[in-house]
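The structure appears right after this line, and notes come after that.
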């Protein structure tokens, strides 16, 4: 049987990857995807812990996280489309109208 | 049956998935190997009713497709939520002591979904025939 | 020789899988033939009749031909995705069959390992997995259209994806009613929940899921891009839709995928609504032919019968109903099927609540 | 009335109002005015206030003890009631001020009102929930609505930019919060604050819990725009519509601060020694970065953004103090800040109009001569932000820093007050600009306040003044509500929660 | 009926109500409505302030006309007003200067009158509040409140383009130290649990404020710094000349001196006697330096306002010198000189304002030979100038004499030496004052004075100046009338400290010898 710590470490790694790519990626969509990755890392953590504690609440939490992620995805895509229509670009670097 | 460990019931599934993919892959490679390859310009250009293709297919298309995608995300998640409820629905009366608990739960839930649907509907996101909707 | 239980188990299930897949593929091939035949008859012509007796070898011929055709890959395509697309499509189509209980539970024991030959994988979230795999199938179509970088393909695949995801909602919701009655996502339990009094306790009759049944059938037709919802490959508008650029076996694979999906849908439909492998007469005739072989074969027979019935239905509908317009298609899915499905869930829940006694 | 219903009544009322608006919105012809919907929203807000007051009455009868509902996941007490009322007031003011805010045929005003209602629901939920799952949900409801609201002026490119930035960094923060919650769950096996507290007291080496608290601090730090997690604030505030800025610079922050108070003082008092350091760092950083950053700003909304960062810093100072003091001080400061900041931004809304043609400080030069009334109000709010006595701003600072000194963190008070010294520089710059003759003769058209908006503005001003002159009443309420933080839901209330989970468990097997 | 318990509130809040009324009055171009209203309000206030000297119990130490009620339970903040000999005259003074200020700006401020007079009245409120409030919190409130209107007056009604910078500069100079003041107050509160000045003073006298002397020491520094900037004491006068140059006459009249000095006398001496005494030598030195420095700079100025500014610096430094000698005479003189300085400064600035109204310049070189054109104005100028340089029979003399005498009789030789230095300031002040008068009014006609046809004092200006002139004379000859009110305070303030010197170990000791407190009370 695989020990819980493996899952946790995996989750931590995923989270870190997500964080890193959030910071380095330059395309809005990729940035957005890296956020999703972080969320899923969290989900993994939850599931692992809920297995460890024999508590279902963790998995329920995952459910809600997924829902919220979906809602965020919907809103986020809408915003991104709006941005694209306004600016014709998806590059973070060109989203800089507001510098004093 | 009950002798086998819980996890075993997933092994056949995994195998099925692998085999299915393998089979598909095999078909592709097989046809690639068996089929002959005589290329020429016409074959290699995109099909456009025999004309020379105009530009490529990377243009922008109606925003309605995005709309449908977003709506799908939302409604699908809502649909997913109904499944666990449906699974324990039979036991809810025994847990809560009220036979209608589960029903009202889902009623309120569906009411919210319904409101959302109604809103989208009335906003005209769903009619593809005309562009009255403000997208 | 002696094998560890796990190895035995794996080997046995491998055996099951191979058998089932072979049957499925054959079924696919002959469904094509059947369709052509029936259509021919309905349109008052012969259909394929040259190759072999009654054209029975036609599928074989087609297969060989397609294998030997040159598979062209235009320069403009995204090669990896272009190749990946049919793979996903067919793969997903062949996966979900694993959940389906095609026969009565028949445990047999081979050197200490009991295994059920009535079903490949008896998983407690079977239905969920089927739905999941179906929605993964969308990727095949979307990718194919996008990767082949051709306007017809693109529009075809866009339409197809939009259509598939739209109808997936109604499809998923229509099955909730059944889950409500069964109280489980395990297909086996769902079948058992209908086995009490034969046809009378099938969900379609005894379960008052007839509405759900129709919702399911309609959205299933859309899911499989079948007439009257076959807009993605509407020849008159889009040449061949998303697989315009495909040739030889890749093209064939989309074709097979479509028919395999039909079969899966038929299986699921019969499991969910027609009591799966249960006989319409319930346990009335159990005491007549009561031996192991019959106990295994009869249910399979019933099951196959139901599946064939559904396939016939498919063909019949294709032959009779004209194609939808795209806006009609969308509004039908969103404005009619979806609300009805939601109402159906509530109605079922209410009925059960009224009947439940604490 | 059953506690369960009462516990959620304010939220329920607001939700119903929002839903009704959403239902009514598509029915109204596109060209028509959406004002009735605005009134509906106002009605809902007032209703939820009433419900909150009812809660207060009930808790009073129960002798100021917290009352829990829904298996000990919701808890209403004077604390939550205070925040409910505060949030409701903020939303009410914003609604009143933006009734006549929209123009043009496709204004989406209806959605705006609905979103305000839903956002308020989320924030209120956060303040009254003692279960991290609910906290998370409330947080998301409020965040997602504010993401949308931030980009509400569809035309402007800056609007969509600001909403994009807010969205990306907001979700980034959410991920951190979630990870923190997950770790907390891992450390204690539960996401209920009460259980958290109990377990943490017993557990010997709470490394995991510590990590969890740190992660949550990061996440919430983003939400309250505390440095070094403040990067999004200026851009978002600059691009977002002014009334929305008025909302999202106060109400969600108030809610998150409420959560932080519950989390740190109620959930993880055992780790006080550890998180104290983190909070102190956050506080100092926010104060310094906020004020120094503001010095360089020319755009007024950017300036206010930085000032809001700084104010978050002052507020965090309160967290470093002894329990009772800290809680009431933080609450009071939140209220004071809300009153003055909402007021200021609403005045800017009225002056700038929908297209916000008044942006830089230079644009505001000499406005005082054109709109004496509005400008006087704005000046008053600025004065309060500087922390000139007899205003809420001053008493808030005074109370927070006296708490800090009382806790022995005199140096924090010194840093804070020196910062407010720096702060007054940019405030006074704006204030002076308002009242001095416009340098160039460029004619800026200045909007005027509609009567309804005027009511809201005067209400804000009176609030600010009252908090400065007669804070006694509120302080009493807060000082009485503070102790309820320590007493979470009891064992017996937690038990029923086990039943459904076990049922689900039996099924997943 | 007896107003004694409400009179102070009345005095403080009359201008506030006035300000509110003014803010509501409609504004029309060129109408004198607001000016008139402001004049009425200020006169009314002044009338109320006269109640104090009439019913004041002279020769009694401690506070009178007290009003003391709870404001906020926790933190314990009281609404505590009261005056003693120190603040009583200052209140009256402030009351007197306000109407003069209004008159002085009658013509000078033509546009935005509403804004101007509203701010002016708010400033008045703050100033009166500072003088009468005995609760630290309340006091701090008024103290901070006094900044905003002044800053706005400077920034919005300044003379040159430099006005905004001057306003902000003034504000920052005043605000940042007072932030530290707030910290110190909070610290005191946490140690003692009260903001009430009398209580704190009593505790201080018993030496029971706090155990940690370092903290107490820092505290006192925070207090002193905040006040010293407002005075301003020598090195902290950076804001003064800019502010004076920009500020309109009415504002300038109340800009420097009183507030800071009063606060030092009241709070630094009251709450930190030991510390104040300990730091006295430094301030004596600074005072002396300030006198000379100010005077010298004033001497070389061509800009009249700058000159006035630096003369102000040198005068207030005189007062600092006096009060930090901690002798009865010195403190008496100091307080008395505060009154004089304000009156003289007021007169001087009014006169300069008149010149500016006529000739539109503050540059000395533009003037000359005005004596023949404006006999009345020159008279006033001369009187003021002489009062400033401290000619016997005029008030300036009394103050300076008391101060110098006081410091001379102080015990430490260090003080004596610095006093000698300071005394030279008298000579310099005479020098610049007389040069000013000479350059402006005598000699051949200056450029401006030839081309512009200026007129002599008109009725309004007479009304502005005569009361001041008369006061110079009266206060010069009848000083005891004022001193007898101030004396008790001076005695207690110095007396306390005198004792503390005789017990020099207080700086490292635990508790004082309690005997002294009876002697003081």
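Letters A, B, C, D and E mark the chains as written, and numbering starts fresh at 1 in each.
Assume contacts are C-beta pairs under 8 Å (C-beta built on N, C-alpha and C of every residue); 3 or more make two chains touch, one makes a residue touch a chain.
All values reported here derive from a predicted model rather than from experimental measurement.
Within the contact network of the assembly, the step distance from chain B to chain E comes to 2. Centroid analysis (C-alpha atoms only) places E farthest from chain C. Annotation: B-C is the more contact-rich of the chain pairs B-C and A-D, by number of C-beta pairs in contact. Chain centres defined as mean CA positions place D nearest to the mean of all protein CA atoms. For chain A, the chain with the farthest CA centroid is E.
Taking each chain's centre as the average of its CA atoms, chain D and chain E sit 44 Å apart. Taking each chain's centre as the average of its CA atoms, chain A and chain C sit 34 Å apart. Work out the mean CA point of chain A and of chain B, and you get 21 Å between them. With centres taken as mean Cα positions, chain E sits 95 Å from chain C. Residue positions 71, 78 of chain A each touch two or more of the other chains. For chain C, no residue reaches two or more other chains under the stated contact definition. Touching two or more other chains at once is no residue of chain E. Residues 23, 27, 71-75, 112, 114-115, 137, 140-142, 144-145, 147-148, 151-152, 155-156, 163-164, 167-168, 171-172, 175-176, 179-180, 182-183, 186-187, 189-190 of chain E touch chain D in their complex. Per the touch definition, chain A reaches chain D in the complex via residues 8, 15, 18-19, 22, 28, 31-32, 35, 38-39, 41-42, 45-46, 48-50, 52-61, 64-65, 68, 71-72, 75-76, 78-80, 82-83, 85-87, 95, 97-98, 100.
Interface residues of chain D, counted against chain A in their complex, comprise 133, 136-137, 140, 144, 147-148, 151, 154, 156-158, 160-165, 167-168, 171-172, 174-175, 178-179, 181-183, 185-186, 189-191, 234-235, 238-239, 296-299, 302, 501-502, 504-505, 508. Looking at the complex, you find that chain D touches chain B at residues 19, 22-23, 25-27, 30, 106, 499-500, 503-504, 507, 509. Looking at the complex, you find that chain A touches chain B at residues 63, 66-67, 70-71, 73-74, 77-78, 81.
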